[in-house]
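Okay, so chain A shows up in both of these, paired with chain B first and chain C after.
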Partner chain A sequence: MTVKDVAMKRRWGMAIDLDKCTGCGQCAIACSQENNMPIFEDDSDVPKRVAFLELMKVTNDRDAKFPDVRAAFIPKMCQMCEGNDPKNPDPPCVSVCPVVATDVGDDGVVSQIWSRCIGCRYCQAACPYEARVFNWWKPKYEGNFKNSLNSDVSVASRGTIVKCTFCSHRWKQARDESVANGNLDINAPVYKTACQEACPVGAIVFGDLDDPKSEVAKLVASDKALRLTNSIDDLPEDKRKAFLKIKQFPNPKVYYLTSQKWLRDMMRFEKNS
Partner chain B sequence: MIEFIKNFYNDTSKNMKIALAILLTLVVIFGIFAIQILGWGLGYTDMDNNFAWGAWIIGDLGLVALGGGAFTTGYFLYIFRVDRLKPIINSTVLIGFLCYLFTFVFLLFDLGQPIRAWFGFAYPNWGKGVYPASMLTEVFFCLSLYFCILLVELVPTILEHKVLIKNKVIKAIAHYMHLLMWTMAAGGTFLSFFHQGSLGGGMWGVLYGKAVWYSPYFFYLAVVAAMAGGTSFMVMVPYIAGKLMKKEYVPMETFQTLTRISGTIFIGYFIFRLFDLYKAITYYAPMSGREFFDMWGGYYGVWMLVLELILCVVAIVLLNPGKFRNQEKFMVIGASSGIIAIVTSKLSVLLHGFSAPNFPWKGFTSYMPTIAEWGITFGAFATMILIYMIFVKWFPLFPHLEKDEHN
Partner chain C sequence: MKKIERKDFLKISGGALAGGLTGWVFSGAPFLGFQMSVEWTQDQQVVPKGLEKFVSAANDACPFGCNVRVRKIGERALQLQSDKGLCPSCQTSLQLLYHPERIKSPLKRTGAKGSGKFEPVSWDQALKDISTRLNSLLSEGKGSTIAAINKNESLSSIMMDQFVSTAGSKNVYYEAGLKSLETPVLNGYIDYDFNKADYILSFGARLIEGWGNISDVRQSYVNWKERGVKLVHADTISTRTASAADRWLPLKPGTEAVLAFGIANYLITSKRLNSSGAEFGRWAQMIINNYPVSKVASVTGLGEDQIKETAEEFYKAKNPVAIAGKGGIGTSASSAEILGVYCLNSLVKTKAVEIKRNSAISYNAEFSGLDAFIKDGAFNMLFLNNSNPVYKSVFGDELKKKMENAFVVSLNPIMNDSAAFADYILPSMTYFESGSSDNKPVVKSFEESKDARDIIITLAKMIDKTKNIFPFESGLKANTLAGRETATNGSFSYNTDKVKESIETLEKNIAQNNEFPLTLIPMEIPMVGDGDGLAFPYVHKTIDPSHYYKEKLLVQVNRETGKKYGLSENKSIVLQSARGKIGKVYVHLTDTVAPDTIAIPLGFGHESYTRYGNKKGVNPKKIMSSEIDPLTGRADWWSTRVKIG
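Entry: the complex of A and B
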């Protein structure tokens, strides 16, 4: 078999079980370490912090008292939007880039080349999930953190946009390994993202959404699954199809699983207005 | 040189000395903060990962929209032959040129990596057709081309300087450039038309993921806005310059003609804007699962929208009926409110777009420019005013005056 014969069949996606998530933050730490996130002396300036994975805490009602208080943690990374047509993905952030620093691969991963980015932040304005972060300061690595940098991920310079890539460097490693073992099928290797690997309760499941046998495909097909603020999912099928003809919708590939009604409502604007 | 500065200083009136001192101070502040931002990065601004753009983009939008008056005026003069606009055209071209020059300056400051700005030309994001996929690619190319056109349009003004014009060759060049200027005006109209839409409206309209911005009409709305507000702006700048320097640079009837054009376009803009709002409220916002008025909260509420519409109405009422327009004070109030209406609309696009929460559990955010941002913004405006003043003093910006002097 030659490489030419092989068409990409993967469509990477993620399912995160919010009912399992304890909010321990291991995923965020693992992500930052894997992707060479800078560490500043004072990282309390949250809006300017550089982190791909944000652990967002939501509560049902700020004034609620025990036992009515409900809280949950939503790990939020790039939601890997694909637009209306999965075969011809069009994430909101990709078409706007003036220098083609960001692109969406045939595996559905929205990638970004740090060294091509001119730092105009148009993609950041376009992203409905606040998933893209900008290096407002020159990245710094305190103490001996420099020694533990990941050589597979480039360190960004000041003034560039960086984002979660579903740890695509790990997939490249897996493919290299597969080729070294004599298997040229690009669809053969699978991999795990850093956040998935780090989760102590197995709340994060990553895999191929197009492979009906994969765990993630089964999870996103369940009733528990929903996508963040993507309200078009709640519409009846005919209305949904009519809307899709009028304009693009983000339609992310990251799904959240929960059976708690308040949390499901929390992820929709119309139920909170 | 020292002698020249001495003479200049002695010849200047007291008010002018104060104005020059303020402007020069602002220019120095501009220089200091420019070094800080370019050398140490955008961390010193109040922009953040949520509020990705700030004061400079407002400056860009405002300058391009108001500088758009240059193409409208040029179009009416050179293509429609509205000769009464002739006294104002050199000033208009200069203002247009300055607006575009400083749009570049602001854009450069806004880039995280200004050294890589040329990537915009080297790796443009063209779509499948002839139209670019990214509105910013379009801005890169259209803005540069139109800037070049304004530069060409400005050259005769410089060539007609009383020292240079004595040279026969230069005189001939200036003369023929004037004759051929309609080609530039036509090209400029075409280019400016496109990027008015892209920088002012299309840039936001295509962001389909953000319900607060998405609108298929935004592009066209921005073109109309630039034509309406820009023509008023082209009236107000020479008017204020004339008042300050206590000279009537431009005859009143030229102002009347231009404000009449502006007033008529404002009617179109107002109707279009109402239609756009109606569609956003009833159709596009609910489509994305949002209530339109839920997105208008925080510090920048519905009041900005109301203010914009009221100012539009004022401009329409004062600029259209002859009985108001022919009175100087009403004309000035009308043109000013027109300009402020357009600036307010650009402000509210930016402020609301970024402050509206992206998640249902988040609140509205706010933005307050830091001293570095203020310094660069006002410093840039001061530099513009200084350049305009230099032209007023030493170049034939208002050619009909020179003719009168010769007579």
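Entry: the complex of A and C
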């Protein structure tokens, strides 16, 4: 096979089963370790905190009274929006970047190049999911912590936006490995993200949404799947199409799976009983 | 207008330039520029050099037997991988390995105890001093005043157990875990076969929040979902386990044991079931007389139908499992509760539960539990094996006082609240550095730290009485000491006379109390657990701001209760129990908590636990219930009567 025959077929996406999720937080730890998150003395300071994966605790206690209340955790990372047309992806953050520090690849991953970012924070304002974080301070790694830095992910400097990239460096590794083994097909290698690997109950499933045989494609097609605050998802097909013609929607590629009504309502900002 | 002379023009321009320059210098801009150029040129990440390798590491100190695959580049460990999921302490172990506050060499105390003043000394000097004191204590015939507190049932703990008992003391204790709670009550610990079970009834055991064998239970949880096994969970607050359960029994705080008695009553009276435990007759009489379902319903706040339905389901299931031991990583239970819940398993004769013993660990100390020892015991010399009882025991402050009059040696890789009171701190290795019987060390040892097992062997060889107990030179061979697990065939006793005391304490705690009208219940938050996680900076990134935010620890209060006591969101309050006060904590109003209950996160308020863990929030154990159970020898601190002071 020659390289020019190869067209990208992958469209990476993720499905997170919130009914399985125990809220253990190990995805967040693994993500921080993998992506060289900076360390501040008090990282409970949320606006200052730099993390790609937020472990959000949610309850329905605004509308329900004890004991009808429930609690769940939503691991929230970059939702990898693709806009209305998957063939021609247009996430809200990409078009506003004046320096092409963020772009969307033919694999559907919204990339971010820390060293190209000028810190204008337009993308942060444009992001509907608050998935982008700004390094207000110089990232610090005290003492020996430097030794555990992952050499595949560059350390950001002060004044730049950073975000989850679906561990795309791991895909690069997988491709390198595949090429080293003599397979030049770019669609051959698959990989696991750090959060998926750390999840002890297999609640996070990552894979190719366009591959009908992949587990993630099957999960996404189930009735349990929904996307965070993507309001058109619940509309009938004809209405949805009509809306897509007149307005741009984020259409993220991260799906959440739950059969619990309160959680579905909450993720739609709807009042639940 | 006057024409500006050339001279004046030059003067003005010169003045403006000088002024501008002065302003620029005083603004700090040149210094900042200099600092930035220093940062850019000097303070960059050093990329590891060498080949990429994946190596296995087994954590001998992990009671759950986590197996880790470590990604290495050159001499650095960069990443952990696992097929089965890791326990929280293994997940943070890379941060422990490279913690900036790892202890570099043996430390000798120079200031007052607890002041945190230590000086580095050599291994020879430290071990010589410790062994001299130990030898002189033994020659005076005071061997029985030596004590040891282990963190868990790891290999180094079994070695410490053998070392101290050979020296002549029965005082070897383990920090509160399920096994050390259950053993004195049931004559062994409970081994649950969750893959066989087809109905799970949990009495406050927050199964998916870190309870028991963490990785196994989480795997089982997925398995239950696939097999359609029903999970019923009794709890006072809407925890994740309560939310994930098929049915949540929202009972009043501290009444889990009463619910177990009620279900037992139903099974004994309606189904005529029998238990094989000794003294069952008296126990059954007590249950039948004192805990009819109607009374249990009013005490627990549950409906009679709810209790009967649960009992009926439990009876009909083939291999149901009733689980005692409230909490996640930090567990607490009274003997009444352990017996009451085990009674249910014994009544239905489930095959998914067995009582077992480990031949190497007897838990056969002078006092039946650690809290009883701290409160009533005396010691001249204390070994702390990676344990932190000053923080975790409700008698932490009492232990501090006793440690001031004793010689204390602590083995741990980073400073903790208890080690701050030690005379010597001996730096132990993480499992990456020590290796195991099957795996080579992953990285070189940090500075002068040593394997805890090797430290114990060296020390044992320096003492006349213990010099021959370990027939090997290296701690890596300690796995030969690991005991075998054997079933005890369920021989246990209901011990009705002794348990009576435990039931009285329970009744007193849940009775109407006008002085302390509220009940304090602990909760655990992800990765922080019962406190071990707080030293690791990435753990702080997972903390939800509704639990802890910028030095403020938030307690969860029911909205109605908040209204009753005039509490508004984020208001600072002080909590007071019969034991004392803690404050300030801040109010978070939420209906996830039962009325008249305050849920407080465990794991905060360390006094000495590295810069990341120090002085963050408060430690609720300081005011939690401290009445010692006659059988477990532990305080059942779970529910504490408090008021807002």
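Methods note: the second predicted complex is superposed on the first by the 263 of 273 C-alpha atoms of A that agree within 3 Å, B and C clash if a C-alpha of one lies under 4 Å from a C-alpha of the other, contacts with A are read in each partner's own complex, and residues count from 1 in each chain.
Assume contacts are C-beta pairs under 8 Å (C-beta built on N, C-alpha and C of every residue); 3 or more make two chains touch, one makes a residue touch a chain.
Since the structure is predicted, the reported quantities are computational estimates derived from the model, not experimental observations.
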Chain B versus chain C as contact partner of A:E197, first or second or both or neither: second
Touching partner for A:P212 - first (chain B), second (chain C), both, neither: neither
A:S32 touches, of chain B and chain C: first, second, both or neither? second
First (chain B), second (chain C), both or neither touched by A:A64: second
Touched partner set for A:G182, first chain B, second chain C, both or neither: neither
Touched partner set for A:K20, first chain B, second chain C, both or neither: second
Contacts of A:F145 with chain B and chain C, given as first, second, both or neither: second
Contacts of A:M56 with chain B and chain C, given as first, second, both or neither: both
Overlap of the chain B and chain C footprints on chain A, listed as residue numbers: 45, 49, 56, 59, 138
Residue ranges of chain C touching chain A (in the complex, touch as defined): 39, 44-48, 73, 76-82, 84-86, 88, 91-92, 94-95, 97-102, 208-210, 214-215, 218-219, 221-222, 225, 238-240, 242-244, 248, 250, 446, 526-527, 537-551, 558, 590-595, 611-612, 616
Residues of chain A touching chain B in the complex: 45, 47-49, 56, 58-59, 81, 92-93, 95-100, 116-122, 124-130, 132-138, 157-161, 228-229, 231-232, 234, 243, 246-250, 266-273
Chain A partner contacts - residues on chain B that touch it in the complex: 41-43, 47-53, 110-113, 116-117, 119-120, 122-125, 127, 133-137, 139-140, 203, 206-210, 214, 216, 284, 287-291, 294, 353-354, 358-361, 365
In the complex, chain A residues that touch chain C: 19-20, 22-26, 28-30, 32-34, 37, 39-46, 49, 51, 55-57, 59, 61, 64-67, 69-73, 138, 141-151, 155, 194, 197-202
